[in-house]
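In what follows, chain A forms one complex with chain B and a second complex with chain C.
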Partner chain A sequence: MAERIWNMKEQINFKNVIQTVFRDYLVLAAIALLVIITSIVEPKFLTTGNMTNIMRQFGPLIMVALGMTFVIIGGFIDLSVSGILSLVAVVTISLIEPLGQVGALIVGICLGTFCGYLNSVLILASGAMKQAEALFITYGMSTVYGALALIYSGGRTKQMSLVKANTSIYKTIGTGTVGILSVSFIMFLVCLLLLYIFQNKTYMGRTIYLTGGNKTAAELAGIHIRRSITLIYTISGLMTALGAIVLFSRVTAASPVIGKGYETNAILAVVVGGTTLIGGNGSVLRTVLGTTLVILLSNCLNLLGVSVYMQYMMKGAILVLAIWLDSRKQL
Partner chain B sequence: MKLANKKILAILLAVFMLISLAACGGTAPNKEKGNEKSAVNDSAEKPDKSSDSGKGLDKIAFIVADMANESQAFSSRMFQKYGKDYNFEVIILDAKGDVQAETQAVNNAVAQGVKALFVNPNDINAIVPALEAAKSAGVVVGLYSSDLPADKQSARDFFVGVNDNQAGEAAAQAFMDFFPDGATIVEIGGQSGHDAQIKRHDGFNNAIKDSKIQVIDYKATQQWSTEQAMAIMEDMITKHGDKIQGVFVHWDNGATGVIQAAKAANMEGLFIVGVDGNRAGFEQVRQGDQSVTIMQNFENMTKKSLELARKVIDGEKVEPLNFIPLDIVNIDNIDSFTPPEW
Partner chain C sequence: MKNINIGKKLLNIATKQKAVLAIIVILVIMVFSKTNFYTAYNLFDMIKSVSILMILAFGVTLVLVAGGCDLSIGGIMVVSGIVTIKLMNANIPMWISILAALLVGAIVGAINGYLVVYQGTEPFIITLGMGMMLTGIAQQLTDAHPIPCNNPNFVKLANDKLFNIIPNLVIVMIAVFFIIHYILRYTSFGRNCYAIGGDYEVAKYSGINVLPTKAMTFVICGITAALGGVMLSSMLNSGSSTYGDTTALVVNCGVVVGGTSFAGGIGSAPQSAIGLLVFGVLQNSMNMLGIDAYVQQIIQGIVIVAIICLDCYGRKRKRETV
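Up next, the complex of A and B:
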């Protein structure tokens, strides 16, 4: 009898372990599986050249996704990143000639940060305290920023090769390396470190979790949730601006629709990483895992010769799976 | 606190509106001088304006598939620039890449009483019912850049554009001329499922079928995105390395990404062919990074469309199919072409 009870306990524990691994570390398992399969089928996957490619492809998305992590942990969503990204890219590249590369860089970063701040002002002024309301407001702002990018550029793609001024900073960001690491990857590591410290070691960082977890309780506990909301959208705007700079430095051109699709990919990276969509839980480190999976998926499927239609389907399936697992966690 | 926020919001919105208005004012195509004529060879006839001077301008609409597409934004500027030369007042409607919005735009144009409308369709099948309704309401219907399917062409009066199959064939010819003994190349397609992507791919592959040119890898992008073209090229370089002797990329801005990927991998001497003939393509050919660009002349396409609409409104018969010739631009002949504005 005692042996039967012991066996049952063991089975239950084993089930719990499997469930925990499945819920919390599935993304790691998926990355490992992807790496193993691709390495076997296409050994060139593990070459230094491909690792450098992956690092460079990582740059723009991870910046946007890191900013999005704060918004989602705070219990909101930000669809305006695609518009901000396009606007910052075309404005910055066009200002290199008149302002110089440092001046353009500063204006670009300030513009992105301001756009993020403006989102928070609109959300607060309209009293949109629910994720669905923020979704529509930021979607609306995305179209505004996107339209401004189109108006500003006249619908034209701005080419860096046509800029008659020094663009060495952008060339370094786009193609430079330090040892085996690309410059854009080092920028990401610096941002990750700063954001990790901010998120976990500062009062303001921790209030974002509380705001996302339960706004009413957070307010009763004396937390300025309006300040938290302003902060998360401003961080998102700032990180999107950095993403825009990394992106146009990499491709040496900025079209007024360069940011198209970044909002969904950033949300995908955050949610797949394990940050919960309803807020209050998650981390920038998880987003790194999620982004790794998204970038690796694209790289591996290209190397394996999978068509773009199948890639669409797999991305969609992974997002559905991630949200399903996220919902299961709440039970 | 709330009051302060509202004040800030009001100020910010006011600043936004001012910026938007200033920007719109700066780029308004109507401000272009009436006597500003293109140096591009113009095959379109210009009507005698005096014949209609007392009647005012006829209203027409150009319905853009997606203003975010650079060539279409340029086309809309050309419609506004040359409209008055054909006694037209041009309104521009943007379908923003949405099939349903494009149908609605056609209906709106008819409701506004346009005499003619030109559509660059997002979906060549879905737009047909709206065009049939417009035609039955007496509106002249012109298809711009992409034509309707063969069995549905009664829904339009004429089509003006380039033959994307021919663009693919011209690219193939460039490869066959440069590599008479054959070569292994890769192809990077435009937005998957887009009419131009399908036809450029088909035209290219049909033309090289019996040649020694071998396409060792092909992948289309999800959008006409330079970044996606670059990422695909990086992955193709990883997979095929020095086997790649040339690249056919469906659009010049995509070629920008391909060139950057090749440079990052220290690959030199790639024979890169793009389609569009835009400013990026011209600059890349001039710098020796891109070998050939196959040029679409949207200025001539617009003038031809306006000319045909005027003729149909005036009761003349016109050719239903009007292809604007493509120009093959390379380093040897680039100076004989007017640099494109877009």
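Up next, the complex of A and C:
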């Protein structure tokens, strides 16, 4: 797969151009179509209020999806994000009183990063080199993290309004705006910029692509694939922790099951964006497009009054369809 | 030097017979606990509660042996259970409703098989998406409430006891066990499954019709999952969209615990039964010991991770020694 990336630059033939256009602009076309149809059917869609709403909804999912992008580029998968999300949210909100808001923030981010690191340790120790093996290990860890969150909180939802300490940072993240952009959106832009530079301009970022392309070849070429596997899961944990903080700041409460469904949504966003599940291919920018589509879709369906269950079904259908199209492109 | 050898031997035994070992450990622990674990009532109850998962597991075994994977079984299970009850509530005879539910399972299995085998998609993710879609359909059908069944005969299907001892559910489970065991062991279809899972290319060039064979395993898995769903609805006399949330992963892990490998080509129905029994025994004994539900969840998660890690580790050692 990595060789294919290099080859594409050298010999841009007609078929490749068609493939690239198809892959990159299908999502854009879908987004445009969705916006046009919804704004005709439901004029409320284009109001400033709704746009701000979409921008806020963007926050948690895009953070998780950006982390997931690297895991998928590296040829693995991470189902533990839902557990990490719940655990970090519950722990952070409960530590605001004893540690102060900055202390809680730091502990939360460190906890998420550690959980991600722990995943990579387990995967490396057991020598799981296949996507399927990583899928089951991270699923098991997700159960563990989720249960820890339940035990830690005693199964109760913690409201931010009941915290008897200064919560100004979280209020700013949740509802603050700079100009027309919300603060969480600016956080996302900063993360995107950093991750984009990491992905394209650093040695470690490039090795992730090679690891995903062909692990044996990468190892024989002298690349520390163990280091890049550790890195992708740690980044995923870190980004999930940030996502958790954005999420509970926005909803101003942390329940121990707050992260449920985020793993499939994040995978959906990454795959719909055009990052292939085989690994070695993809970009954080594509994930942004994919997330935009997922968020816009649920916003539009909400405005059109489609039931939540129907939306869940449609997301599953889109996931199946996206993977199907994805694999057809590789034939 | 000697110590290392003994350690290696122990590790070998642990990686090969981990399921039996786990059951023995739990059973020994339960001997010393002062609970009603060793009573006929409890033991039958335990077998009954694990029967549904076992029915699903036998189908999954077939798929895993042929080198695939099916994570949509949870979705198939709830949808087929709900379809049976919905049809019966519309005054359609019980047997026709059940056949319709099995047909739903077969169709979903066929779609899975088509997408995975003929279109070459990654089975793990595509069936995960399929499961998500089916859960959505189940929620839509029931409005996310449990729905009761109007037909009084339906509840007897799973709960009636043969000779007042053995629940029908267990008999169905044993029947499915023998059918799948027979298919895998004594038919050319089953032997071909092992060949395909062992080495796809070799199987292809030895003249095995690989594509239909592999797709067929998904159809059979869909049917067993639907049968499991029908039996579950009958046992509880209701259909709900929430039953199947974790089923797929628990069943797949259970099958792997028994000794079937994700890589394909290894495994059998008896091994899967033992693997699932580990989860049944663990769950039952934790309930008996009165362990907190959340702690149970952690223990189950750790057991899953430990077993999958051991499975991977065994394969890694194999790769390195060859």
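Following the convention adopted for this analysis, the second predicted complex is superposed on the first by the 307 of 331 C-alpha atoms of A that agree within 3 Å, B and C clash if a C-alpha of one lies under 4 Å from a C-alpha of the other, contacts with A are read in each partner's own complex, and residues count from 1 in each chain.
Here is the rule we use: a residue touches a chain if its C-beta (ideal position, glycine included) is under 8 Å from a C-beta of that chain, and two chains touch if they have at least 3 such contacts.
The structure presented is a predicted model; accordingly, all values stated were derived computationally and were not measured.
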| item | value |
| --- | --- |
| Overlay on chain A: chain C relative to chain B, clash or fit | clash |
| Contacts of A:M141 with chain B and chain C, given as first, second, both or neither | second |
| Chain B versus chain C as contact partner of A:K130, first or second or both or neither | second |
| Contacts of A:K215 with chain B and chain C, given as first, second, both or neither | neither |
| Contacts of A:R286 with chain B and chain C, given as first, second, both or neither | neither |
| Partner chain in contact with A:G316 - chain B first, chain C second, else both or neither | second |
| Contacts of A:G155 with chain B and chain C, given as first, second, both or neither | both |
| First, second, both or neither for A:L122, with chain B first and chain C second | both |
| Superposed model, chain C segment overlapping chain B, candidates 236-244, 254-262 or 272-280 | 236-244 |
| Touching both chain B and chain C, residues of chain A | 122, 125, 144, 146-148, 150-151, 155, 307-309, 311-312 |
| Residues on chain A engaged by chain B in the complex (per definition of touch) | 42, 44-45, 47, 49-50, 52-53, 56-57, 60, 118, 121-122, 124-125, 144, 146-148, 150-152, 154-157, 159, 161-162, 174-175, 226, 247, 250-253, 255-258, 260-261, 298-299, 302-303, 305, 307-309, 311-312 |
| Residues of chain A defined as touching chain C within the complex | 77, 122, 125-133, 135-137, 139-144, 146-148, 150-151, 155, 264, 267-268, 271, 277-278, 307-317, 319-320, 323-324, 326-328, 330-331 |
| Parts of chain B lying in touch with chain A, wherever the complex brings them together | 1, 5-6, 8-9, 12, 16, 19-20, 23-24, 27, 67-68, 70, 72-74, 192, 217, 219-223, 225-227, 230-232, 234-239, 241, 253, 256-257, 260, 263-265, 278-280, 283-284, 287, 342 |
| Residue ranges of chain C in contact with chain A within the complex | 69, 115, 119-122, 124-126, 128-137, 139-140, 143-144, 246, 249, 252-253, 256, 262-263, 292, 294-295, 297-298, 300-302, 304-305, 308-313, 315-316, 319 |
